[in-house]
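Below are two complexes that have chain A in common, paired first with chain B and then with chain C.
Showing the complex of A and B:
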């Protein structure tokens, strides 16, 4: 099975508000897939549906072949999937040792070696009550409890939020090592630099709808900003071509965000007697901003 | 491990309850030699207020213990802790932010619910049995004796019938959102029958059959023949109804 997660027209409505709409996701086995979107775009709602915390209003979802909307199958999913929630709150009445003992009892493939290694690397005090841990330490503990499960699929909601740069780097290295061991990672993040560092596939969601689904390499190779200077009058519709995502006209200067088909765009500019045509690569941050900006 | 978690979560509430129940039991045992001479004087005073139970209360130590503990103060305190121990669960976890972690574990919502309610039942049963041990021991210090068997029997009746309060608290905990809202609402709901209706129910004979507090207390000398089986069956049905509704609601909740 090549696909570890797939959804088909997955939707979630809260009254009249559609938080997630007809979402078709596909995550390949062994990949590190980033799930991007603005606050309120529907990322957390989607993740919660995948883990059985919410029921979809419509549509289907499967993880490892198990249906997300069936309680018994959802338990099978959670046996094999590690999830770290956005707020990373844990039972504050337990000590670090107690929550480790509690969590490992549910996972037959618990990685004791990874537990010991992470306890050492993340410097977590075993006897300390969770309520006395700082936010960063709680985040580290939540990640440890997920990473040591021995799961084949990791769903992480903002995994590095609240961590200092050193801890962030350590977590990113661990994520990469998980993938190198064959695990699949699906994570949401607002830290575009981190996404660029570790992800190999990008899924972008905006107002509950999927707006980008592509390997990161292809995005970086194909997304371009094309800037042309054309002295004759130009309108946006002159560049309504396949692959043109955005057109900005400012006097004689036409700027375009192009997702593919750059040659055809350049041809069109030349045919309109452009005096200059420049093509520049875009960073993932720029692509993200351009993709979500001004969309209905 | 779910039982372990439920125990760790509620143990301080349980310990507070155990301390309170022990203290109250000892208090009423120690008050006996102080109150009895006063009541004896009152019994001989033609103008003094004399409740109907007073002669028996003066003459029989077992009645005194039953009246003040199993039929009154201890029962009130026990119900308070039954509600405190019964409340909680996934909705409360949602309010304090831990529901996502719990629900990421491979456990059905029914298993979460059953483990928590089971621990609450065990804890409330132990609370009900503490006086069965404490009262006979403390009674020696005031020159009296009390049967451990009677204490356990009254404790079992109180915990068995009173399980309806655990069920009610568990049900409301899955209906009302907020970390402490279900606790406050349950206590407010129980305050009405306890503070207002109970006195009325004790004066009206037919109302006694539906007075849960009366059923929990039982007869002052409890024998197999005195056990109110029909009332117990009705209360147990009510408990099962609350638990069934709570489990159903727990499965429907979204987090």
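Showing the complex of A and C:
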């Protein structure tokens, strides 16, 4: 099976507010897929629907072939998908050792080797009560509990939030190891640099709608900023071409964000007697800012 | 430039040992590798021209992981692979591809030499394993490396004639001189790199792909 997660017109309304609308997502098996969006874009709402913690107002979704809106099938999903929630909630009254013993009793595929490796690398105090752990330690523990489950699919809501750079790099390395073993990882993050480092596919949402769905390599290969200097009067509609996402005209300078079809855009600029045409690559951060900027 | 050859031996579930043969390897760099290997829980020993790595852990996969990391570390310190810059606008696979091709062209990776496994290179550079797989596939397509299934990736023997070590060395000298001159003119390293990139990658950007 090629697809591990898919949704069709998934929507969630809170009263008159549409938090998520008509979302068509697809995550391929074996991928490290990043889920990007501003605060309040609907990422956490989407993840909560996927894991059966919230009912969709409309639409369908399947993970590993199980329906997310069917109670019995949703239980199967939660058995097989390792999830780390945004709030990293854990049982405060237990010690690290106790929650490890408690959690592993539920999962037959528990990876003892990974548990001991991670305990050593993440440097967690076994005897300490969870209540007394720092925020970073708590995040590390929540990740350990997920990573050691031996799942084939990991859904992580901001896994590196609040971690120091050393712990962040370690978590990213573990994600890479999981993917090397064939597992799929779907994670949300605000850290664009780490997304660029490990993800192979980007899903970006804005105000509940999908605005970008593409392999990262293709984004890097095809997204370009084109800047042309044209001395005759230019209007935005002169560059209404396939692939042109944004046009800014400032005097004789025309700047464009182009998602594909750079050749045609350059042709057009040359036909308009441009005195100079420059093409530059864009970083994911710039693409993110341009994609969410000024959208209704 | 250091040359190395890896012999990766595994013994049952009890433990693992790897012997890494090297020649002309810088002593100071070697001590860094030894130190890092110890940090990831390996037993380290060395005899003349050979670094021995063993594992104290009995669990096969945990020690496999540590050992793979050490082997990758060894290669990377030897061939000076750098972590890619994800924010550079140039796709990571191109950055890594370039590094490996450079290592082959300068002779840092000798024909027949083994490259780290996809997994260990991905873990060491902390990048997507599919990216490493793509790099190896592309390099195989270019005839620079050979993938022997179940064994790993090796620098192609046939590449030998194409290794232009001497040309690369004299080119390196030229570049070094130019860079020194540009610096004397007051240009920053970043600016120099951009100038070189502008001269060489413009057609790539337009075509979308090299």
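Please note the rule applied: the second predicted complex is superposed on the first by the 296 of 296 C-alpha atoms of A that agree within 3 Å, B and C clash if a C-alpha of one lies under 4 Å from a C-alpha of the other, contacts with A are read in each partner's own complex, and residues count from 1 in each chain.
Following the convention adopted for this analysis, a residue touches a chain if its C-beta (ideal position, glycine included) is under 8 Å from a C-beta of that chain, and two chains touch if they have at least 3 such contacts.
Computed from a predicted model, the values in this text were never measured in an experiment.
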| item | value |
| --- | --- |
| Partner chain(s) touched by A:177 [first = chain B, second = chain C, both, neither] | second |
| Partner chain(s) touched by A:196 [first = chain B, second = chain C, both, neither] | second |
| Partner chain(s) touched by A:248 [first = chain B, second = chain C, both, neither] | neither |
| Chain B versus chain C as contact partner of A:78, first or second or both or neither | first |
| Contacts of A:120 with chain B and chain C, given as first, second, both or neither | second |
| Touching residues (chain side chain A, partner chain C) in the complex | 30-32, 112-114, 116-117, 120, 169, 172-173, 176-177, 179-180, 192-193, 196-200, 216-217, 220-222, 224, 260, 262-263, 266, 279-285 |
| Of chain A, residues touching chain B in the complex | 48, 51-55, 71-72, 75-76, 78-79, 82-87, 89-94, 98, 101-103, 105-107, 142, 145 |
| Residues of chain B defined as touching chain A within the complex | 1, 4-5, 8-9, 12, 96-101, 103-109, 251, 254-255 |
| Residue ranges of chain C in contact with chain A within the complex | 41, 59-62, 65, 84, 86-93, 118-119, 122-123, 126-131, 134, 202, 205-206, 208-209 |
